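Next come two complexes built around subunit A: one with subunit B, the other with subunit C.
Our next item is the complex of A and B:
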C-alpha cells in the first residue's frame, strides 16, 4: 500500500504577523511558535489558530539555530524547538535553555545548556525508583544510585519553534533532579503525570562539532550538578595509586634490606663499676670498614634495672683523626603499684650513624653512672650497612602528598557542586 | 475460509495477510469489512486518516526478541497531547501483538487474558497491581479519541468514540495498558523497545531524511 508522502517541510505563514513559518517536525508538531512575533500557534489547525501571545521581557537567541542538523549518536537530528525555563530560588531566577532534537525514526532528544554546561537528554520509558534514604532521597535506575539534588518549580519563560506537545509560556512543573555524575535524572510532574528524563554531561565542543557551529563554545561557569569531577574516579583513584606505589616502595625496601651487608665490625663485652676511682674511658681495638660509605649502627645492651647510665661515645677515624662525638643515655625502671606493673625506658639502645666512609676506626667509650648504683655489664656492637626503614617512611610520606592534595581538591569540587543544591550548608 | 475475497462494496480483491483477521479495510473504497461466517460485510467507511508521521506502515517488518513480525493493521488514536498508533503486528508463528508508536516511542505488547481487572471508575494514579509476577503502577489516565483504522485487526473495531486508557509503568522495561474500549476492560502487557532493537525494514521514507 503506497501512502502519499506529504511534503515534509510545510511552508506556512503566521496568522499573527504574516511571517513565513516552517514545520520540520511533521505531524508530530502540536504547537509552533512564530519566530517573528512569538505567537504560539496550533500546528494541528489548518488556520494555525493563535493559542497564546506572550510578552517576552527578553528575547533569547538559540546558540544552535532552529533547523540546524547534526549527526548525534550516529543519526541525523534536526533542532526544531527551543525553550528557556527557569526556577526561582530566594528571589533570584536561574534559567537554562532546552533544544529539542528530532529524527523521524528515532524520535526526540534534548540538549540542555546552563551557563556553558551542556547535557544530552533522553526521555525515560522506565520509572526510576525513588526512596528516602535518611534525609536525602535517592533514585535508583538500572542499578545506579542518583542522589537528590534539588526540587523546584520550573516555569517555561520563552519558547521558539516546534514542540510535539502543547507548549505555553508560564506553564509550571515540579522538577526534581537526582545526580550521579556524569549522569542525572530529572522528573517533571504536572497534574496529569510524571515524566522522567536522563541527562549526560557533555562537553560543549562535542556539540559544536556535531552541529558544525561557528566559533568556540563559551567556557562553562562554575560547577554543574552532574559535571564529572576532574579528579577522575574521585579520590578513590589516587588512593588506589598510592597503595600501589606504597606496595612497590615496600618491595624496594625489602630488596635493599635483603642486599644490605649488615656486617659486624666490632663486638665487645664490658663492665662498669660506679664509684671506681680509675679512668672510666677506654678505646676499643681498631677495626676496618671497607667498601662504599654507608651507615653504621651502634647497639648497646646493658643489664640496667631501676638505674641509668650515660655513654659518652666517639667514633674516631684512625687514619685521619676525625672524630664523631655523641652521647647515649640508657635508663630502665620498672615496678608495680595500685594500677599494676609498670616500666619506663629500656636496658638497650640503638643508634644509626649515617654515611661513614671506608677506613680504620676505633671507638672511644666513657660510661657515667650514679656513684651509688650497682655495677653494670654491657655489650657494644657496631654493624655497618644496616638497612634503614626511615627512608621508607619518608618516601611513604612523600607519596601521601598527591592523594591528600587530590582528596582536598575533590572535596572542594564536590562542595561547589552541592552548594547549588537543596543541601547547601548555608541554605535554609 | 480462504484468504482471498472481494470487497462487497467495490469488488476490489481483498487479500488477507493473516488468516485470523476479523476486520480489514478495503484499500480502494475504504470500506470497513468484517468477516461474517464465510462472507465479508461492510460495516462502515473509514474517514480520511489525519496526516501522521509514523515511520511504520502496513508491511513493515521487524523482530521482537528475535521473533519476526509484520505490521498488517493499525488503530489510530488522538488526544489533547497528540496522537499515537497501535500497529497490529503478526508474528511468524501466527501470534498477534501490538507495536505502539507514540511520538516515536516504541513498545510491543500482547493482550493478556486476566480476571478481576479494575473498573475504570476505581482507577487513580499511583495505584499498584500485580499481574504475571510483575508490579505495575498507574502512571497516567488518558481519554483518547478513536481516529480511525487501517488494515487487518484481530477484532471488530470501527465504531468507537472516546476511549479511556490507563498507562501503567514498572521500574524495568515492562509496562501495561488497561483498555476500556469495551464494557470488559482489556489488559495488554509489554515492553518499551528502542527503535534499533526492532530491526525494522520496509519503513516509510521521509523526503530529505
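Our next item is the complex of A and C:
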C-alpha cells in the first residue's frame, strides 16, 4: 500500500475582484466563495462563473481559519469551508457556525459551534426511523432513541471557502433536531431531499488541541441541546449508591447492636413522698463497670399520673471522685375532653450517659415534685454498652443529602436544556 | 467509580457511626464535676447539683 499523497491545492483568481482563490477540496468542490468579495463561484466552471454576488451585512471570521490542518479522529483533516446559519424563533435570530473539514481519503465532516458548544458532525448514510412517542416524535438510530428537540427553518447567512454542494446565502432548509446526549441527529429538508447527520458533543479544548489553535476556546454559554449532563447517568447512579451505603449502614448497625454488652449494673425500686421534710437525696449502693469506655443507659419508670417529677442525677466514680451531673424531667398527663381522650408526656424516661470509663460507681438521686402531689413509686436501672440507633438514623438522613442535591441539580440542568426546545414550559 | 466523593462521604459517615457506637457517644448534656469527696456517700444532701433546683408549671392540656 502506498503512502497517501498530501492534499493538493489549486490556485485561481476570482473573476469578480481578482483576488486569489485556493481550492483544497479538489474535484469534490462544487462552489467556492471568494474570501475578498464573498462572491459564490462555480468551481466546476473553468471560468469560475459567479453564481451569487452577496453583499454581506456582517462579515464573520471563522474561529478555525480556512486552510487549518489538524489530526481529527486519527486522520489529517483540513478546514476548507465555513458558513453561518441561523434560525429565527419569536423574532430572535440564533446563529451557529459550521466548519467543513476535508480529507481526500475520508471525505467530509463538520464541526459546528454555538456559543462555545462544539459538535463533531458526520452525514449519515442510513436513515433514522422517525416515530411518535406520545406527543413528541423520536428518531431511532442503531438502537438509540433520540427525542425530538426542535424544528425550525434554518437559513444560510454567511459562507466562506469551498463546499461540495451548490451553496447559496439565503438558502433555507427545514431543520429538525433530535437529541440523545451526547449525540444528536439533525435532518435538513429541502424541496428535493432530506439529509441526516449525526453530531457528537465535543469539548472545545479537544478541537483546539487537534488543530493547534492559539489561545484558549471561549467558555460555553448555557446548556446546549445535546450537552452531556455533568450528572452522568442522571441521579439514578447516586440513588443506587445511596441504597448500597444504606445497606452497609444497616449491617454496621446490626453488628454493633449484636456485640453490645447491654449489661445491667444497677437496678433499684424507690418511692418519694413530696412535702416530706426528710432529705430527698440518696445514693445507691456502689457497682462496678468493666470493659472499654462506653455509654450507660439510665431508665426511670414511675407511676406518675397527671403529675411531674424532676430527678437531679449524678453518676459518681468512687475511684476518682469525678461525676457526670445531669437532670431529667418526667411528666405524664392524660384526660378526655370534647375532642376525645388525650395524653401528654409519659411516666418513663430513657437516656444515654456518654462514654463512661470502667470503675466503681454509685448514683446520686434527688427527686423533686410539686409539694402537694401524690407519692411516687419509681425504679431506676442502669445498663452499660447499650446500642443506640440514633446515630444511624442521623447518618441515613445525611446520606440522603447528596442524592437529593444531585437530583435537584440534574433537574435544573435538564430544564435548562429543554428551555431552548419546542417543549419548553412556556412554548405554545 | 462514578461518585468517589459520595462514596468517601458515605464511608466517613459509616465510620463515625461505628466509632460513636463503640465509644458510647450520646447527645445528653452532662456537667463534668471533679473531686467529689468520698464523704458524699454518707451525706448526699451536701451535694448541690449543677443543674440547680427545679420549679415547674403544672402541665396538662
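Assume the second predicted complex is superposed on the first by the 300 of 428 C-alpha atoms of A that agree within 3 Å, B and C clash if a C-alpha of one lies under 4 Å from a C-alpha of the other, contacts with A are read in each partner's own complex, and residues count from 1 in each chain.
Note that contacts are C-beta pairs under 8 Å (C-beta built on N, C-alpha and C of every residue); 3 or more make two chains touch, one makes a residue touch a chain.
Keep in mind that what you see is a predicted model, and the values were worked out from it rather than measured.
J.: Using the superposition on chain A described above, determine whether A:123 touches subunit B (first), subunit C (second), both, or neither.
T.: first
J.: Return the chain, subunit B or subunit C, that is in touch with more residues of subunit A.
T.: More residues of subunit A are touched by C.
J.: Contact-wise, after the overlay, does A:375 reach subunit B, subunit C, both or neither (first, second, both, neither)?
T.: Neither partner.
J.: Looking at A:337, would you say it contacts subunit B, subunit C, both, or neither? Reply first, second, both or neither.
T.: second
J.: Check whether A:76 is in contact with subunit B, with subunit C, with both or with neither, and answer first, second, both or neither.
T.: first
J.: Does the superposition put A:291 against subunit B (first), subunit C (second), both, or neither?
T.: A:291 contacts neither subunit B nor subunit C.
J.: Within their complex, state which residues of subunit B touch subunit A.
T.: Residues 27, 50-53, 55, 57-59, 80-83, 103-105, 107, 125, 137, 139-140, 151, 169-173, 175, 192, 195, 203-209 of subunit B touch subunit A in their complex.
J.: Which stretch or stretches of subunit A touch subunit B in the complex?
T.: Contacts found on subunit A: 1, 3, 5-9, 25-28, 30, 76, 103-108, 123, 125-129, 140, 164-166, 192-194.
J.: Mind listing the subunit A positions that touch subunit C in their complex?
T.: 232-233, 237-238, 241-242, 245, 248-249, 252-253, 256, 260, 279-283, 292-296, 306, 308, 310, 312-314, 316, 318, 321-327, 329, 331, 333, 335, 337, 342, 344-345, 351-356, 362, 364, 366, 368, 370, 385, 387-388, 390-392, 395, 398-399, 402
J.: Please give the residue numbers of subunit C that touch subunit A in the complex, ascending.
T.: Touching subunit A: residues 2-3, 6-7, 9-11, 13-14, 16-18, 20-38, 40-41, 44-45, 47, 49-51, 53-54, 56, 58-61 of subunit C.
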